[in-house]
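Right after this note come the structures.
Next, two complexes with subunit A in common: one pairs it with subunit B, the other with subunit C.
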Partner chain A sequence: MNKERSAYQDFLLRALICCCAPLLLFAVLLLSQGKSPIAAYRTILTAIFGSAYGFGEVVVRATYLILTGLAASVPARVGLANAGGEGQMAMAALGTAVAGSTILASLPGWIGIPLMLLCGMLCGAAYAGVGVFCKLKLGMNEILTTILMNYIATYLISSLLFGILRDPKGWNYPQTVEVAPQLRLKSFFGTRMNAGIFIAVGASLLIWLFINRTRIGFTIRTIGGNQTAAVYAGIPVKRYQTGMFLLAGALAGLAGAIMVIGVEGRMRIGAGETMGFMGFLAAGMVGSHPLLLILSAFLIGGLTVAGNGMEINTGLPAATMQILIMLVLLTIMAVGGGKKK
Partner chain B sequence: MEPILRAQGLTKRFGTLWANKEIDIEIFAGEIHAIAGENGAGKSTLMKMLYGVYRPTSGTIMVDGTVMERWDAALAREKGIGMVFQDLRLVPAFTVLENVFLSLRQAGWKIDRQQLRQQILKRAAEYRLSVDPDVEVWKLDLGQRQHVEILKILLDDQTRIMIFDEPTSVLAPHEIASFLDMLSAFRQKGYGIFLITHKINEILAVADRITVLRQGEKVREFVKGEDFGEMDIVKAMIGEAEVRFDLERPLPEACSRSGALGVELRGVSVKDDHDRVILRDVNVTIEPGEILGIAGISGNGQKELAEVLYGARRSCGGSLFAGGEDITNASIARRIQLGMRVVTEDPVRDNVIPTFSILENMALVGLEMQCRRGDVDWNAMEEQLAGHREIEDLGVPAPERIAGTLSGGNLQRMAFARAVISHPRFLIASYPSRGLDVATVNAVHQTLFRLKRMGVTIVLISEDLSELFSMADRLLVLAGHTASGPYPVETCEQNEIGKIMLQGDTGYE
Partner chain C sequence: MSELTTILICMISAGTPIIYALTGDLIGQRAGIISLSVEGSMLCGACVGFMLASSTGSLLLAVLGAAAAGGAIGSMQAFLSISRKSNMMTTGFILIFFAQGLTTFFGRGQLGTSLGKSFSLAIPGLSKLPILGPVLFSQDILTYFSYLLPVAAWWALTRTRLGLLICSVGERPEVTEAYGYHPKRLQYGAVILAGVLAGIGGAHMSVIYAMSWANNMINGRGIIASSLVILCSWKPQRAYMAAYLFGLAQALQIFFQIHEVPVSMYVTLMMPYLFTLIALAVISTSKKPSMPEKLKIVT
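So, the complex of A and B:
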């Protein structure tokens, strides 16, 4: 009993440190630059909660981050790391945008929207498939291959957007043709917020249920717990790893599809940039827990949105917020690590 | 003459295990002192205490007659003790010279390559070590890497005592003779040498003094010139094991063989993790319903044999049949279907999920899977678990306990119980009683006999001859890269088996 209470207190203490330490360190940094931390924190709060548009923007980013975070979390459950959410999301966005302006363009929304999402998932899974193939058949480290494939995706997409996929009526801007209007998700309250957030939260609930409350999930947890023991129990480990990696790609792809049909309406250069990397961090913050991921996604989403306000109000570059995000992450890694003893 | 190093009443306890108990030992300049004993007898622990890696639970260490108040690895090196570990400690990407530099105590910041190269070449020539200082270590074979380790010690002018932990285990048979010559050369130079080994022929070839350990205690000391033979050493090492009579060997007619699975190995060869053939051309038919004991000093292919049988390792030659079916390339899943089960030598590593509860662990090829609405029905599983008497007999911890928080012994019992309740037809049990208390060992043995009566073929891997003689019907002995036997237990003597175990590779010399 006593022991449990102290474990609970221990958790509270850790949580408190994780909340305060980054804010204090960041304040020191701001002071060293001659800026007022109080003004800066006020800016952060107003950027997030001060307007419907700002909050909507946080929700939009959280949507991407939840899904790319899941893309990093799911393979972690079978002993793999997917650092390629960025590329998988971008490739999926491109695929969805192209499909939505060509083969799917004449479909009605009730069938067209699910097909758009499916298309994004397939593109993401296919792109992730290259990574898992390199891992399981060629023995290449999946972290390195997926990271490198992010760059391939970036440059491939920009060459296509500057080339054959450029919208001829787009004033020469590197972007695709807009998808058909009935394939778009509605935005709420005059913000860019859309139904995508429900899909993302639903996905993390489903993933949690799948891993913790199904028989297949039990097998997956077995592989994550001890791969050797899983092999000895006759589980085809590689097959499961392949499946989970493809699922991860599909989840990142879903983020790309939602970006196209919910926000952008097309693929343009730089859309969704860094959301894959940040999702990877969001997953790392919460030890790949699908439900806690929703919280960390909102946290990181909020801080990145606040970065823009920061630039306008305090004259510090938006990238300053990256420092705060990293401080939060490093604190969690330093303080949270003790739990696993 | 004063010994360089003397230890008195040295004791080391790990939890409840007495790894070493009240050991007195000493070494003089210019002698080779062999430490003999089976695996797990406590040889490495003793040496690690002398080298300062382990802190003794009690006992004193004296250097040049002075009691050391403080004792750690840094001090041990300062006092001139060097150790060549079993797992060689080198940086593969560095050259020999760089590795030697790393180990120098007063190395400073910069490598004086020219001078160090001279020193290495001088020492290498002196003892005929074949090393090129400028070659990267990953290009060297294990024997050459051992030479690098030895160089590291030789280049330290303080060194007076060298400890070798199973040095010949990494050597090819033809390298062993020259290695022993090298040891004699060190003795001539006045080094005191501890040689840990279980190979009797090496001991007899070079040792001036032999300390025999068994189960953590010093049982005999032989001094060169005394009247003793190899059989005396064998006996001291394995003890006068008695067959236990409290175990009732099941009568043949009480055993049902109909359900048992027989396995046949035809010319099977296996490679170890270092890609060397550890077992060559093994031919044996494991009869349905028998208990086949696998005897041998561990590290002679027991692990690899178990893995090949279970399909966790591919054989590099030959074929396996189970009940007439060719299973050489069959998956583990297929073998499980056929009724094959395994408890490996390290169940915590191979059979247990540390983050799972005992109940969840028991569901992995143990309990029958019961599902409800797509999920495992854990309530039904827990009821099922409670219905098995083995859980209580073997002292398996409560179902809700998390495996990672339990001791190795608890998990070993769990892994064994799990295999037992899984309706096996062929069970590979590696060291099922190792490290367990007497009562549990008895329960394990009773359980194995009950399985035999129920019609389960059992492969029992053990180092404990008395266990093998009490349990097994026939014994297969692994030594010298091959399997000898099987010998029926009724018609053979423990000492004969012990001799085959310990001298299996004399044929090479």
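So, the complex of A and C:
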């Protein structure tokens, strides 16, 4: 690379490569299968912007992705990685759905909805607690532990939904009993969009303020910057790490709770699948920055919604869009993403 | 066939893909790079292997194709985590999803087709032994290779110059460099080898074990293999124990079915993951002197 070129130009060049290279590679891939890339890209655009419902879906996905992305970013600030957003979100959704149809079902909405969200956060934090226990007490690699726990959560939830938690009036479909109607969030404009997006954006603002503008946040940044130095400075690193990991679990749990009270109304099999993983990647894409995360969450959310549109219009599997998303991420990694530490 | 034999046969054939991925990733980790992407390599190997096996009917071509596909994912992991110094865990994660997308895309024509041809090959003589015969020697050529693989890896890592160099990179790359070798080249080799072996393991999964292709059929086995490296304490000769422990967890399904134990199918499917997690928790309480130095920084 030419060293005389300014950092600004360098950044623009990298950004340009990140935008174009994945689209070109993806087009080549589609052409190799005899599919028109132009039609595919048009499908992507119409799936996202073509209808209010489509855009609403993007917002719904972005809500989950912001929260699960925060669940990955927050521990990253204290030198941990949480790849378990998927399991934490699913367990929280199950917990919320069960609570909403049993103990919380008779409460009025104004107290019930916050309690439902709290319930989701507690479930998520509890499931994340196992991961952080394994890390700090047993010295196990938290990425491997949390990924394994994602699989365990998936199968545990399946066994419960096919077993004791199955709705007896649900036509044998593996889902829980619906939560009480006053505990649901209202949807807007005839889409599935709901107030959850405000909670998610609010959460990322709060996390940004918390990390960058408070005294505790300063300690957290110290730990993230140099853990050894933090230990010598007398900071109880493990206590902070535990706290941040539990907070991460709570945030992923919030995504699960919003999914139940905002969109699904119950826990059903496969609800919110891959949103935890994608959130982890959305966070990785922007270097765990809580505010930029909102953008990457919308981008990835949009592309996953477009995947469903692709399946309908071009007959390609929805996972095709996963290739495009991953091409974007791989390109960002390969060219350094314009993000310089 | 007795019940024990059935369970043991299942244990061996479920453990075989793990042995390949485990040994491969173990060599990579000794060189200081964790490839979570072995999961992706396995997926690509399974998909390409099945395509070639069903179109050409040749196991050799299937294995070669699978090895190449697995190696391709491995080389991406190598490039990003060695040359670009990206976070190896995140890179592996992305590559898993990349492989999932690619295999779903290219494998969509293979869904629902069955191979209609078995590649099992009993070893004459040995397969007549009681219990051991059907369990160990009535399998297939890839399984027979897997019996030798960990020993070969152990020999290569501890008794050959190349193997010792690979291990030295995982401990002190500066020293390797000072002796006039290229740490990066050695790492590249090890990580790509991990991908190649995982690809072959994936081919075993689709061509021999399941005899069909299904989307995301590896379903975390690569990640399990990657975790089991810790259980092996980075010693290849322990790969048998770890992989067959996983195989046994999988074979419990059959035990439950035979005895009509009233547990949900999903609980039995969960077993291998739970086993791995518990095994890691148990091993974690002992100290880890054998962990490669370079990995201590990242984990």
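FYI, the second predicted complex is superposed on the first by the 331 of 341 C-alpha atoms of A that agree within 3 Å, B and C clash if a C-alpha of one lies under 4 Å from a C-alpha of the other, contacts with A are read in each partner's own complex, and residues count from 1 in each chain.
Operating definition for what follows: a contact is a pair of C-beta atoms (placed from the backbone, for glycine too) under 8 Å apart; a residue touches a chain by one contact, two chains touch by 3 or more.
Note that this is a predicted model, so its numbers are computed, not measured.
Engineer: Is this a clash or a fit when subunit B and subunit C both end up on subunit A?
Structural biologist: When both complexes are placed onto subunit A, subunit B and subunit C end up clashing with one another.
Engineer: Return first, second, both or neither, reflecting whether A:Ala334 touches subunit B, subunit C, both chains, or no partner chain.
Structural biologist: second
Engineer: One more residue to check, A:Ala21. First (subunit B), second (subunit C), both or neither?
Structural biologist: In the superposition, A:Ala21 touches no partner, neither subunit B nor subunit C.
Engineer: Does the superposition put A:Phe218 against subunit B (first), subunit C (second), both, or neither?
Structural biologist: First partner only, subunit B.
Engineer: Taking the superposition as given, does A:Ile147 touch the first partner, subunit B, the second, subunit C, both, or neither?
Structural biologist: second
Engineer: Between subunit B (first) and subunit C (second), which, if any, makes contact with A:Ala105: first, second, both or neither?
Structural biologist: Touch partners of A:Ala105: none, neither subunit B nor subunit C.
Engineer: Subunit A residues in contact: does subunit B have more, or subunit C?
Structural biologist: Touching more residues of subunit A than the other partner does is C.
Engineer: If you stack the two complexes on chain A, which partner ends up touching A:Gly284: first (subunit B), second (subunit C), both, or neither?
Structural biologist: second
Engineer: Under the stated touch criterion, which partner chain does A:Met326 make contact with: subunit B (first), subunit C (second), both, or neither?
Structural biologist: second
Engineer: For the superposed three-chain arrangement, which subunit B stretch in 78-86, 96-104 or 384-392 runs into subunit C?
Structural biologist: The superposed arrangement places subunit B into subunit C at 96-104.
Engineer: Where on subunit A do the contacts with subunit B and the contacts with subunit C coincide?
Structural biologist: In subunit A, nothing is touched by subunit B and also by subunit C.
Engineer: Report the residues of subunit A in contact with subunit C in the complex, numbered from low to high.
Structural biologist: 29, 33, 81, 83, 134, 138-141, 143-145, 147-149, 151-152, 155-156, 158-159, 162-163, 277, 280-281, 284, 316-317, 319-327, 329-330, 333-334, 336
Engineer: Per the contact definition, I'd like the list of subunit A residues that touch subunit B in the complex.
Structural biologist: Per the touch definition, subunit A meets subunit B at residues 213-215, 217-218, 221-222, 225-226, 228-229, 231-236.
Engineer: So in the complex, the part of subunit B that touches subunit A is made up of which residues?
Structural biologist: Within the complex, subunit B contacts subunit A at residues 310, 312, 331-333, 335-336, 342, 344, 349-356, 360, 363-365, 369, 371, 374-376.
Engineer: Residues of subunit C touching subunit A in their complex?
Structural biologist: Residues of subunit C touching subunit A: 36, 76, 79-80, 84, 86-87, 89-91, 93-95, 97-98, 100-102, 104-105, 108, 215, 219-220, 223-224, 226-227, 230, 264-267, 269-270, 273-274, 276-277, 280-281, 284-285, 288, 299.
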